[in-house]
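Okay, so chain A shows up in both of these, paired with chain B first and chain C after.
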Partner chain A sequence: MAKKEFWRWPEYRHTVEGIDPQNGKVISGGVDIGSVSSKTVIMVDGEVFAQSVMRTGSSSPDSAERTMNWALEDTGVTLKDIHYVVGTGYGRVNIPFAQKAITEIACHGRGASFMWGPSVRTVLDMGGQDCKAIRVDERGKVQNFLMNDKCAAGTGRGMEVFADLLSVPIQEVGDRSFAVKEEPQAVSSTCVVFAKSEAVGLLRSGWSKDEVLAAYCQAMAHRVVDLLNRVGVEKEFVITGGIAKNIGIVKRVEKELGIQALKPDQWRDDPRFDPMLAGAVGAALFAKVLYERSQG
Partner chain B sequence: MLIANYGYKDGSGEYFITLDTDKCDGCGKCVEVCPASVLEVIPNEFDIEDGNIMGVRDEHRHKLKYSCAPCKPTTGDIEPPCVTACLSQAITHFLSSAKGQVL
Partner chain C sequence: MFDKFKEWYDNRHDYAQAWKKRTGGKVLGYFCTYVPEELLIAADILPVRILGSHEAQDVTEPHIFGMFCPFCRDCLAQGLKGRYDYLNGIMIAQSCLHIRQTYSSWVKHIPQEFSYYLYMPHGVQTPHAYPYLRGELAVFKEALEKWMGRPISNKNIDRGIEVVNKNRQLMKKVYEFRKQENPPLTGLEAMYMVVSSQMVNKEEHNRALEEVLKELPNRKLNRNTGTRLMILGSEDDDTEFVEMLESLDSTLVVDDHCTGTRYFWNEVEPQEDRLAAIAARYIDRPPCPSKDWPERKRFPHILQLVKDYNVQGALVIQQKFCDPHELDMPALRKMLEENGIPTYFLEFDVTVPIGQFKTRVEAFLETFALPDLF
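On to the complex of A and B.
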């Protein structure tokens, strides 16, 4: 029997109805090559037109090309039609067709401010292999940020490892972490390696999978709140990145901060609000500005 | 104002170098005086304007506790050379053990 891949999250592409790129003045592209996922957003005059989200492969240039081609599939737009492309994320310097690279910190700030509105002041980006707390002003400009890339604690990869260990599909982790009679004590370590061995011990001593998931989610939430407190949390607060889709983390972060995240479920109805896209959206917005500036 | 925080917090304390990127003009004086080659001048990718700013080298970001220790005397209020070399006062150094004792 083939081993089931519990960590595997869905890749997808989407075209927004009702936008005609042929009538657009500026077509801009944002490509966010993260350590775990690659995202492309195509904008027509500053509105999201097409998007794709897929897994990052071993080569950044290949991943960039694949995610860009997939976003453009059946849209009638080709790479040549795009006026300006900005690359961001971990692999931003290795995107052959991007005219400029901008850090994912600036792009997530800008993207979150665009997606959830200018009232956003604090952005928590929970990425594949790092986690960033970002403070932005009303224009989405970054004012203060802190990145934890020292270890995999509080990251998507850590969650993937846990989903696999417990044989729970990663999309179900959030809901199942609430299927407990009472919230267990957090695991004492968020280090993926130690938490993993701690979880195995808990399972052996009779804990259910749901309880172990709850304990892990809580530890992860606690860890990122620590990070947020260093830059200071001000309303409105949003979470971006893949972990933002995990309700088990979002609710626990909200509870510990005492602040609700802004519309954390909107992406379920409208793919344009996919929190994984914030970086690519920011990059596409910067691309539009840079193109317009180059035209004088 | 854009404050970039480089560093980490772990069980033993907090270790950060922070940079006000609006004040930093990328002159590189801090890079010259750093005995451990922790700093570098990099393109400012936080903004769409071109220009350079100070950055903390990747290989040092996770071990500032050790990399910066020689410039942090255990007693006295002496600023490290990178901080004093910066004419625009863009750099702040923050290294402290968990007990609150400044290293």
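On to the complex of A and C.
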């Protein structure tokens, strides 16, 4: 029997209704090849038109092509119709059809500002293998940033490992981490390997899965709050990246900071606000400007 | 035209061994740029600075505390692996605790015919430092004379001072070209130039510098200068990092490193008492932060470099666990930022995660280069 993959988060594509690309002046693309997920956003005149989110494979160019093709599926738009593509994320320099690469730090800043408005000043990007605390101005331009500089602790990949270890579907991790009578102590290590051994020990000593999840979510929250405090947090504050969909982390980060994140649930009703897309959205916005500049 | 320096840097051991064979002279390995090369050259010794090789290693763990800096471990690893087997002696001028541990461990585990611990004072800001170091240099000179079996005359010392001063003047002249709007040399080339000076015969190095200076006025690099950066902090000869950095639309135009300006910036001012003259040079040089207290005298010097070289941003790098620099950096970054120079901090290890560093440095550079996209 095949082992159930509890870590597996949903891949999807989406087309926004009511936008006719044929009438658009500029079709721009943002492709974000992260270490864990690949995202494409197609914009028509600076509005999100189509998007896809999928797992990154072993080859960046292949992942880029797959996520782009999927985003374009059934839209009537082809790659040739896109005026300018900006690549971002770890694989940004290996996207064959991108005209320019811009870091995910600049793109998340720009994307978050677009998605949640010009009042955004602090962006916490919790990605697959690293996290970044980014301070931006009212245009989404990066003022200052910090990136975790040692290991992948406190990131999406760590959460995937925990979901698998505890046989809890990754989308349920957040809710279940609150299904505890009392908030347990955080696991003492955020190192995925050490935290995993610690979790096994806790389960043996009688902790429930929910309690272990709570302890791990809390440790991750501590770690990113430390990063945020080093860069300084100013309102409005938003969380981007896949972990932003994990309420177990979001609520704990908010509690420790004493600041609410801006509309962390909006994505549930409107896929354009998927926090995983912020980098690709920023890239597509830069692509639009770059195209316009190239036209004089 | 800078190939020679890279060649020396890459083949430092071959060079030293060939020099030894050719001249029959002695080679002395040293730690820290507070070692007075003038006296070593006066005694016809080839001084070579011991540096790491930026490779992962597993030989130093029993000898150096895990929370000492990667540079001091990397240096010791070179000795334990036998890469400096040709050395006749080693020495250190007292500086930070970490590199002193490397020296002590080296003396203990790697047999040498000569080893010397020069009591370079930490308190360089007291006027007593001058006579103190002068006295220590006299003791050191005697030790060298005893080892070499011959006296070191004033004439010998004058020659030592002259050749090292000339090297400093020439490198400073090359640095002058980095002030240009489009510098005709990269930061990587400058790094090879300065670090190789710490490895080869100074007269030979001077000849190479004179050649470079003849050609530099007409040299044009086929690259964009991009953002003008300064790099400063702990020991840094990470050429792979600098190469990556300069591939990202930026140019290192100046530095404050002991593998750069701190090594050669000021000269020995001649005076009748040669040892006093040499002592004054090392007391007055742009200091390593291990000696830069109670007043931080290095800061106005750094600010002057920023102005002279039209620096737009600064990369502040620290060898992991390098306490002297770690202590300095919050104040240093504050000072630079108050003067309109954005800074970015990076922690270096024996090897650096080049991919992740690239993203971080690129994002820092984008804060200069992307404004017109908003």
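Keep this in mind: the second predicted complex is superposed on the first by the 295 of 296 C-alpha atoms of A that agree within 3 Å, B and C clash if a C-alpha of one lies under 4 Å from a C-alpha of the other, contacts with A are read in each partner's own complex, and residues count from 1 in each chain.
Here is the rule we go by: a residue touches a chain if its C-beta (ideal position, glycine included) is under 8 Å from a C-beta of that chain, and two chains touch if they have at least 3 such contacts.
Keep in mind it's a predicted model, so treat the numbers as computed, not measured.
Because the two structures share chain A, they can be overlaid on it, and in that overlay chain B clashes with chain C. Look at A:Y90: by the touch rule set out above, it reaches chain C but stays clear of chain B. By the touch criterion defined above, A:D226 reaches chain B but does not reach chain C. Of the two partner chains, neither chain B nor chain C is touched by A:G24.
In the superposition on chain A, A:D130 makes contact with chain C only, while chain B stays out of contact range.
After overlaying the two complexes on the shared chain, residue contacts for A:G158 are found with neither chain B nor chain C. Once the two complexes are laid over each other on the shared chain, residue contacts for A:F145 go to chain B and to chain C alike. Once both structures are laid onto chain A, the chain C stretch out of 25-33, 79-87, 97-105 or 313-321 that overlaps chain B is 313-321. Chain A uses residues 102-103, 105-106, 141-143, 145, 147, 149, 286, 289-290, 293 to touch chain B in one structure and chain C in the other. Listing the residues of chain B that touch chain A in their complex gives 1-5, 8-10, 45-48, 61-62. Those residues of chain A whose C-beta lies close enough to touch chain B in the complex are 92, 100-103, 105-106, 141-150, 226, 230-231, 286, 289-290, 293. Partner chain A is touched in their complex by these residues of chain C: 346-347, 355-356, 359-360, 362-363, 366-367, 370-374. On chain A, the positions that touch chain C within their shared complex are 90, 102-106, 110, 130, 139-143, 145, 147, 149, 286, 289-290, 293.
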